[in-house]
């Protein structure tokens, strides 16, 4: 509870508008529902400006259905479900219709926002990075952002990237996604004048160690203005990119 | 070179305004000076919106003086030098006056900008994280941002952090700096509705492994909206935070 | 053999109550049966206050049946079998009836104790940590402890945890179970005035490295009073928690 | 703030006993002092049953003096300062008299409690582990516990340990401290019927990797009832051991 | 674009031979096709002297067919596809005939060059390293090199290797392929007077850690003249070996 | 070739007993057959006192058959094939009869030696380590050693091990096999007065990291007289143990 | 206590030759002295056939003097002190005369045995490995073994090693010591028909990671008959080598 | 010994031109001198085409002087000593005059070759990488190669690198040296049509882990034609680069 709410509550108590025990109940009556296996957080929209998202990986179809219904009952109709494999998506679809984005492993209940703003460029080093890029792109679109996809522009043929310098120079945020040596983030970081969020991917073999090589490479980027999220975390990158893309001006 | 410049150059050639070889020279005449041991990049301000910064760690005092003079000759008077130890700072000071920020290991030639905008909150888990926090704070101020310091608000006594919820809720960006288990980033990430840039520090002992524990913790943050920079990289966090803090609104 | 037993034995020998060779036999006749592939330890109850438990993971159904029968013959009727997958459980059930706890991967031969004492709070960061939490909970109950389950109270929405401060403040022991960044242990450690046993889980992906991130985070907890067990070791946490919960007072 | 306090506060507001703004102030007036570089937590004693401790490693002598004075002003006269090297201790001693425990790297302002209860056994594998053991022992004594030191009882000569079986069998808690292969924890864990807290130390060379070998060994202990704290964290082990040793009986 | 091309283009503009916008278009019209999911690089042959190769691992059969067709349309008829499993190869074969090299996991569309030059020796430590060796051998042959295979000449029976000293002494390049302890590279490096490219393989178990042991061993080779590529990267070794084998003399 | 052989050869040449080219041929005619995919080493028996063994893991059934036939043609009738899975064993059995030891994953063509000497004790920490122990035991027996199996004598119930002190004190070599924390090696190392070869196993979960915990523990053993082989390398331990067990006395 | 001793003791009690309490005392009167900081183990000679050795690294000069005196009082006059730096050695020398072996960091109180038996070959890869080799050599000599030093015979110039084939073929044990890639162990392992004990050293830089590269290389040795001790553990290798060298024949 | 030498020797024996024992002596008389602490290898020039080099790091000044004199006596006058610190260099200089290259940590006895051939480009990512680059450059020059230094052309300002495309396109070999994220190797690898040897450096901090980040990045380079040497191994890169640069044409 924020201070303003506390003050109002206290004034209501002082005014006798509500009873002490009701106030206490109100404080205890937290903005989430306890499903036992999960405690969906309906307060998040007001707290973080974005509705709660369901991370599908560790949950059964039944649990996802339960959480989604709880969301719906609390007024959140459009729900993003990430890391959702096809089998679970089909199970859920029988109970609650959803659109499934195969490449992105994302299910959407309800609909995408029609109005999108700004511009987030999503670049990948290779073709194999596309699933993570799509997770980022669909998430970004669901959160109300315009996106531009630049796939397979890795540094082995740097002219492929340089051709798109204009796209990069006009982006509000860039998400740079690469496996193997992850050099893409540094090169884009050196070109762009906007924040770059780097996503290492587990694409590669041998000494890529499931994305560690790309992760370390990106953390050590010699270009300023680059930050990093977890390996394969397209969602996380898009979430922060959306926050940045939606920022109002300083004097607004 | 950007496309607009190329077009203009080509038109000048077509118009006979400049000769072919002069145009070629122009293309080759890149916006940096070659000092042999370094190639300072004077183009960066136009490319990234921020002047080149000198990373002091691997350079001799003589090299830093040389680069600084080259900057001055190209019109950049205010120079930020990071990772500068006191001994080198004193050596440089004899040739070029600089202000030295002891706690931050930063030297500044020229002056800080008088006008600063927005609000970047810089929070640390403990007292030992302060040097990294000061690196971030001085950098952010040098790049024209208002800062708020919240030091020693680690999660072991979470009420110390919750007391400052208001500061966090009104920030445009938060830099969360912590060593040991790095949980601060997740807790702030769950509270804030703005981007959070996490800086793991090498504070700790034993299984903190020089910051790896905090780094992994922050990369795996269960809170959305958190991205991470290198261990002890206060500068990098402030650089990206400044980019975000300076963003114009979508329709500006 | 403890000193008291040795003294008694020696006295019996001195008194001529038993022969030298019988005494030797007695010393050699150790309190375990040698099944070849296993040497179940019937002395454990007197030594550790808890009956031997069967760790099911590396054993065949046949071996588990053999060990269980050996237990039964030595008078231990109630047997806890951890890390038991469903297929093996069904095989065993045909020979020896057992109750199978699906979520916890635990089989119980005989019955749970009816009387349980004290209070162990078992908290998880997310829904995906529940299997490990159930392993801890069923183990704790089998060892005669009252349990309270607080699932999905991770730090990304810290109010979900703070709501349950009362439960945590009145626990005799807390088991804090979390994957990803494992921050839950530190936050609970800061709130609780009882011992906290942290269990890192392998929940997560990318730089969670199968639980290493959470493990390191928990080992580096800035909160005092937190100790850690192996990744996914719900059983081990519950075992020690039970020891603590069962402690008598200092002057009892 | 706990629920009972909130209820009382709300009743006072309802009764008109205190004004709304005073109540708000009361809620904001958190139980710590903000020294800028540190926020000592005076609430800890009531929250965790133990006074705040000063971790000396990352702090200057000046900061430690400042925090100590703040403690003294808030009524906490007896202060434990861990990881305090001799040089800093002497600096502090000039302003505030303290007793310095050389082997343990601990400074104590004020005095140790005269009454100590229960029994914590502190065992080490070798002579080189003694500094960590002394950190644990002095901490435990400062927190009001009786201690028994069993040093150099490593498993290479297991009869040295078995001789002390009686001490181990009568302990309320055992702290097992070892570097190198850390096997001591497992062997004690198999003998003891009380909780064992294992402390890996950085003693060793080569593939001990600064304590990683011992840490992993202890985390994988095949003995039940063993939990682990950070490498060289004698303080942390003693803190939790003290919590356990001080536990009241179930029906007290 | 190289400088010569820029100069020619500028002269054409100056001469009025082409319009400014056509010149701009020309600069933008980069030598690759954008298939959306991939941007095949037709410039590579002129830039690196070798045609683009398709890395099959992260791509669907459909994508490989699409890229191959795009290659064919741009005049590249002979295509090497590495890391291609049998199932995909058969799918592709239905659309575009290809030769599949089972042991090497390589598919070739078109044909191998008939003329091959020089001599690349490909040596393995054991029988299990052969798949990687075949990837190297087929790649080397496709790039126009003569190859000599020396398989199972590991250092455990060093006479097997010494017997082939003559082959090694007359090679222009040696590719040394080994898993486990990877000592083969050092021993060959000590014998050969030509460059040795070492390929660690993931052959082994336990502390070979998927090729890390061999990789570190090779990086630390006490023999001069040895460089290393990624674990299991037979292709990369052959690619560089081919570059070296094809080098002209200094005065040619 | 050893010096004595060279001397004899040179004398034969000097005597005119053999021609220069025949001598050269003799030197080149190395004691192995080149099967292309393998170069079986028939010299090993005279060089190492033990016949070549086939490591089955990375080889096809066809390759193993080919190598076995080559062995047979060179007079080696009794062949040990390690790391042989059941499916391959059955394939081979159709061409060459072999005895398959299921638990040990070993196939034997021909027969075990009837006479065995000395005494090798093979001890395991738990039931799950038995497959590795059986690999060691069958190998040791095939190499002509008497074996004693002590399974499930881990340190969690140390009396199970102490009961067998006599067996350990009379062994010529002990092979100590354990996963998890691998403490068994240290405890046996402290008891035995003969060489102890430690085998870490991949038994365990979480922070056992596939045997790393046990490996490090064993390498750091505080007991003297312990050496270590690769994780799960029962064969290697038995091979060296056999060498030691077969050693003649100093004055024989 | 061994069974025979127990039987004798019991008979004495039965015969009334000793009292019960005396017998109990006898059992408790363990063969070590408790110095508080150390518990020297005088039983080791009879248990392991070798006197207790003092590991000097973690002990003060005072502690070493104390332990040495305790040894002397129990009749052990010749004492080996490993990992002893020069400064400590000089301090000790003032109280108890000792011979200091500079290169080996070893001090010897009393004298080396005059009669040495068998043959242990100690080989190093390079000149920098000599300190570890000397630790092994002096230890081996102190334990009564003949030694042969083969230094700087690394595999980069394999003829340097092959020249000494005869020495290696006639050794009873070989200690192979190498840093960097550690290939020496495998090559010697392939040549020798006696046990090889490999010692990885921390010699090297970069990706040698303080000896990890050599350690992994040696653990993965493709040659049979090789076992490994800790990084830089010359003492441990010599200790086990001495055990093996001293073995009696099977029928002695 | 090569086959031709053996044949000649055998013929001489057959002809009676030399005695059997002389021949044996000749075979044993290996081309190195045994200094006890080192065995300098005078055969290397004929075997590898380059004289033996002295790796100075693990050797005393006295040892280096001894080895150098041994070289001089065997006719090698020009000697390269790498990893030589200034203090040692000065000591050696008093006995044998040498030129010391401060930045490169290299000493040269005798003189550099006057004639150098070909072209090796040595590029660094930053100013701090220069010491490693100088080690490579001086080595390359000593081995008879022309060099071009391109320092501080890291990818953060990629135009600095692109300006030098021509230098890179005309090199016979490129040595790409970079710390931090090591992306330079990939970008140069994508531009160059000659072999690229990548040298990761230990420049960086935090998650650069002493060069691991750059090492992994380079091993995973998505550009073909890149191989890697050990961290900070400028010498090794130059050695192989020289081999490649000196290669004759295929038909020479």
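Note that the chains take the letters A, B, C, D, E, F, G and H in the order they are written out, and that residue 1 is the start of every chain.
The criterion applied here is as follows: a contact is a pair of C-beta atoms (placed from the backbone, for glycine too) under 8 Å apart; a residue touches a chain by one contact, two chains touch by 3 or more.
Only a predicted model underlies this, so the values are computations on that prediction, with no experimental measurement involved.
Chains touching both chain E and chain H: A, B, F, G. For the pair chain E and chain G, chains touching both partners: F, H.
Between chain F and chain G, two chains of identical sequence, the interface residue sets overlap for the most part, with shared numbers making up over half of the total.
Between the Cα centres of chain A and chain D there is a gap of 40 Å. Chain geometry summary: the mean Cα position of chain B and that of chain G are 54 Å apart. Spacing of chain A relative to chain H, judged by their CA centroids, is 49 angstrom.
For chain B, residues that reach two or more other chains under the stated contact definition are 3, 28, 126, 156-157, 191, 206-208, 212, 215, 219-220, 224, 230-231. Looking at which chains touch one another, you get A-B, A-C, A-D, A-E, A-H, B-C, B-D, B-E, B-H, C-D, C-F, C-G, D-F, D-G, E-F, E-G, E-H, F-G, F-H, G-H. For chain D in complex with chain B, the residues that touch the partner chain are 28, 30-32, 36-39, 41, 43-44, 57-59, 63, 200, 202, 210-212, 215, 230-233. The part of chain F that touches chain C in the complex is made up of residues 126-130, 149, 151-153, 156-157, 159-160, 163, 203, 205-208.
Touching chain E in their complex are the following residues of chain H: 2-3, 47-50, 53, 117-118, 165-166, 169, 172, 191-195, 197, 215, 219-220, 224-231, 235-237, 239-240, 243-250, 252. Only residues 3, 6-7, 10-11, 13-14, 16, 19-20, 23-24, 27-28 of chain B touch chain E when the two sit together in their complex. On the side of chain C, the complex with chain B involves touching residues 125-126, 154-158, 180-183, 185-187, 189-191, 204, 206-209, 212-214, 216-224.
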